[in-house]
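Two complexes come next, and they have one chain in common, subunit A, joined by subunit B in the first and subunit C in the second.
Our next item is the complex of A and B:
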């Protein structure tokens, strides 16, 4: 289908301002991504998957400015023993980063993926993104594949003793950043990847994750700090037999965030959990768009998304479970809930199930509500002041999502962040 | 300890008067019981005293050791020493029982200008008190009242009372939904807390709880007023003859 004129011209206008970078052995992948993007066109408000989130500021040529978070709050994961990989406004900073060698994992900068030495990532870059374009188009991911200026490739071959922490700092108020990472977890290997930091005034990030049979990957990310930042992220994961993928995202602050998560369970007995806890105050729009495809037998998937919204903040959830014919014994679960702390905030949810197998168990639920008055009174009647009681109930609401983090120390770190965020907003 | 004078209370949402001039005085060291038929205003009295929303005091006063309860927020009343054991304890998913107890205790201590209790001291204290009420470690770990049986919920109320050590305890139909064994256990827990400095107000439909928690004074409440006051024998009279006789007699 040909693009309408308006979409075509918007897309070409944007592309005219950009240059495809020559980074690593990705030229071919970038050209085909450019082709995909031209065929799809950049998203517009009229697109089915952009009804609830205005793509304008993500699409326009100039990134809107974003001031830097001025606070002495320690960045998340600071006290975690980790391998740091730091990007400053989207550019890898070797001085701030740790040495990239760690037993059980091979980490390279994307630009070091050289065509002559047959690097494993060469075949993966852009591949899962391409697959993830059907049945729903994700043009900003194709834009990323074509224009990503930096990124890392991570190959997990064993069980590294500490997590790999991708840190995105933001110093330039007008930075417009594209990062693209490629991750492969080999058979039986297991690792944890942490991500945090505001990254840029406008951040477009893509991560492609291929987990081989029996591999395990834990992914925990925190998006916070700068109030005016904008981000669109795509996570594409493909899971082999008996593999496990668990991803959790904390989002606080940021005027616009859209996190797309596209997961395909391609091997039998695989497990994929994606969870998110988001707290928004005022000029805040957060969108979780999740698509989980079951294409193998006896796989389990969970989507747990919780949002706390106040002062007119908006939350969006578009979540789908697609069970293909033959994906028998699928166990799919999806819950999206919002806690609206006032009447100005809103939550827009579109939960979807599409099932072509006949022996499956899939459940989904979506709710919006206020603080439980009964619970609040009970706590107060025991002497807990209203503000603390409200925070306690709010954290309790978020708990189901946070509990998806297996590591207790990391879970407590995230809980501490959420508690701090709420405490700073006590009336 | 607790002084209630000519207390008149309306429902906020509708024009309905529930309490029509309650007078009651509970002294330290004493157990008072309030009995009465359904709809007489017993539970409303407990809610108004603890500060629940939805009620409007139109006249009268309620003080705890001379302090005006009605002017205080619910948490201030708790810190001042008032405790309501709920008829229907509330389930709070996501909040662990221990976290709840510790937050409540330390909030009260803080409000009274006392130091917070250390985690170790707190744990030791709770474990010991829980043991007496046959509350196991699992119940302490679970979210507040979630998945608890009726008896477990009521025992959990008494545990909170034991931990918070209030001056004035109000028990709102603590016997409802309990079998005989559970009721005995709860009563033991309450009796263990009886001392010369603490007052109790036990609200119940039935005399049977009062077999286990022996009251000093029994009040009969009807149509928003206390219509008769007597000794423990008044509870037996209700048990034998029902409320009808008493109500006819005072009418």
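Our next item is the complex of A and C:
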């Protein structure tokens, strides 16, 4: 279908303000992404896929300003033994980062991906993003592939002893940042990638993850802190036979966050878990859009999303399990729940199943409601003040998502963050 | 265990399982049960849709001018509308100018003075549809039929035979209770004040492409008005049939339940076997006032096309109930086994405080059928309740989609919704999909949604087979069990038919 005029002009207007950066050997992938983007156009609020989230501020040429968050709160993962890779407003900062050499993993900057030395990431850059454009278009991901100014490539060949931590700091109130990472987990290898930081006034991030047969990747990210930031992130993952991918996202604050997660299980017996816990207060709009495709036999997928909303915050969940014909013995599970702490907050959800195979067990659930009065009464009757009782119940509500994190220390770190967030807002 | 002969096996089956199901499966051959065609001379309006056709339809129904204008306005709006394409259904483009928008049996050209003049073939059609004997007698105009003892519960039938309401039975008894049950064309003539007040008030003229089309060209349908405080003395029923080739059937149903009243309405649909796909776009509007209750049950078994996906009815229906008063209650129950393409979302607007909406649905798609069906529950009033139970069954190459919306508005405090969508897959070539939209805009309301997808369990099949049932019987039994929650919500008359249909619809889906 041809683009309507309005969409076409919005897209061209935006593109006119940008130049395709010359980073590494990605020119061809960038040109083809530009072609894809022109064909589909940037999203508009009339698009079905953007029914619940207005893309306007993500699409407009100028990034809306975002004040820098100043707080004495210690950044997340500070106490974890990790390899730090720091980006300041979207630019790699070697001074703040650790030495990139670590046994069992090869890390390069995107600009070091050169045609001459046959870099492994050359063929992967933009490939999973392209695949992820069907059946649903994700124009902002194509925009990222075309314009990403920086990023890293991570190739996991063994079992590195510590997690790799991508840290995004935000110092410029008008920064408009595109980052693109490429990750490959080789057969039998296993690693953990951590991400945190507010990144920019407007952040567009794309990460492509290719997990070979028997590979394992844990991905834990903490977005947020800055109240005014906007972010759209895309995670594209492709899973080989008997591979495992587990991803967890914590979001606190930010005016607008859209996390798209596109996972395709292409090898038999693969396992994919995606989870998210979000806590929002006031002018906060958080959107989790997940699309899991089962294209192999005997795979398992799990989506667990929990949202706590107050003071007029909005939580969105669009999740889908697509089971292709022949993907027999699929076990798919999806749950999205929201806890609305006051009358003004809202939860909008579209949990979908699309199934073309008969020997499958797929289920999804979605609930929304206020805090359990009986639970509250029970705690208060035992002398727990109302505010603390509410927090306890809130943490219990979020627990199912947080428990998706396998590593105990990291799980506790995230729980601590959530408790801290609730405590600061107790007032 | 000793070897049993077939009769003994049969007897054993009788003991253990629902005999209706087994019989239904056994009795029916490969063919569509209702696939006959009554050879009655039809009167057609020319093909295509123009303002003249709209005027003609209006004229044929002897409508007043305001109605003609209403239709023409709808026609103008229809021209500006686009056919929706968001449903998970795929069909060749419909040429709306290649349809007949009006057809009626010739024998109706001069209105029968008494039911004696009704074409006997028409009556035979009703007999095949299984209309109870007493109504047949009345339809046939047998003297004293009204005094004949009725078997079981009474059902008033308003049969729609290709666009024209043929005869309405039990008029007199209903009149005594003050209930108006007649064709919509009659209502337009006899009760214009009611029609003017309510028509288009639930489904606005320009609501959607098909509803707008219907507003322009609806040829007939049923009208029900239940006055305040009246409990309708019998179940009201309409049988729809599409008989003539290439005619679209566009009925319009308007049900008004005034304060404190109650009515149960049954709608049954069958259409004969045809090669060329036929179009059907109906609109049902229900107005439920304070403390009133309406039950609307549908069994739709229109011709679904053959096993290669050839032919079949395209069914694009807009059904909506508006609970205007406090404590109003509406219940939709549907068994959708027919049609090549189904596009249907019976909805409830829960405007009154403490109003209730319920939706129970079984959608069965076999061969190349495509069903995209579900409901909308719009909670506007305080303390409103809704419940959705949807059972989708796919077999063969069919695609079955549940699409629904539950919306809790900021003012709908303390409201509650429970949704359960289960899908059952039979065979590895079919698809089952769930597309629920959930919008919660206040925190005192609770919304729960659950959906599961599974196949007919091997253990259950083994259990049934081991007890001597063949594969189809076993599947029919399992499926009937799967649908039980919904079947129980149907009025008695329909429950039996529906149960049989469930089995018939899955004919040929296994083995």
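Definition applied: the second predicted complex is superposed on the first by the 426 of 427 C-alpha atoms of A that agree within 3 Å, B and C clash if a C-alpha of one lies under 4 Å from a C-alpha of the other, contacts with A are read in each partner's own complex, and residues count from 1 in each chain.
One rule holds for everything that comes next: contacts are C-beta pairs under 8 Å (C-beta built on N, C-alpha and C of every residue); 3 or more make two chains touch, one makes a residue touch a chain.
Since this is a predicted model, take the numbers as computed values, not measurements.
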Clash or fit: subunit B against subunit C, after overlaying the two structures on subunit A?
fit
With both complexes overlaid on chain A, does A:385 touch subunit B (first), subunit C (second), both or neither?
first
Touching A:364 in the superposition: subunit B (first), subunit C (second), both, neither?
second
Partner chain(s) touched by A:177 [first = subunit B, second = subunit C, both, neither]
neither
Look at A:396 in the shared chain and tell me whether it touches subunit B only, subunit C only, both, or neither; answer first, second, both or neither.
first
In the superposed arrangement, which partner chain does A:152 touch: subunit B (first), subunit C (second), both, or neither?
neither
Per-residue contact with subunit A, leading partner among subunit C and subunit B:
C
Is A:102 touching the first partner subunit B, the second partner subunit C, both, or neither of them?
neither
Just to be sure I read the superposition right, which of the two partners does A:220 touch: subunit B = first, subunit C = second, or both, or neither?
neither
If you've got the overlay open, could you tell me the nearest Cα approach between subunit B and subunit C in whole angstrom?
14
So, in the complex, the side of subunit A touching subunit B is made of residues 372-375, 377-386, 388-389, 392-393, 395-400
Per the touch rule, the subunit A residues reaching subunit C in their complex are 48, 325-326, 328, 338, 340-370
Which residues, counting only subunit C, touch subunit A once they are in their complex?
86, 408, 410, 413, 423, 425-455
Considering the complex alone, what residue numbers of subunit B touch subunit A?
50-53, 73-75, 77-79, 84, 86, 89-95, 99-100, 103-105, 107-108, 111, 143-144, 160, 164
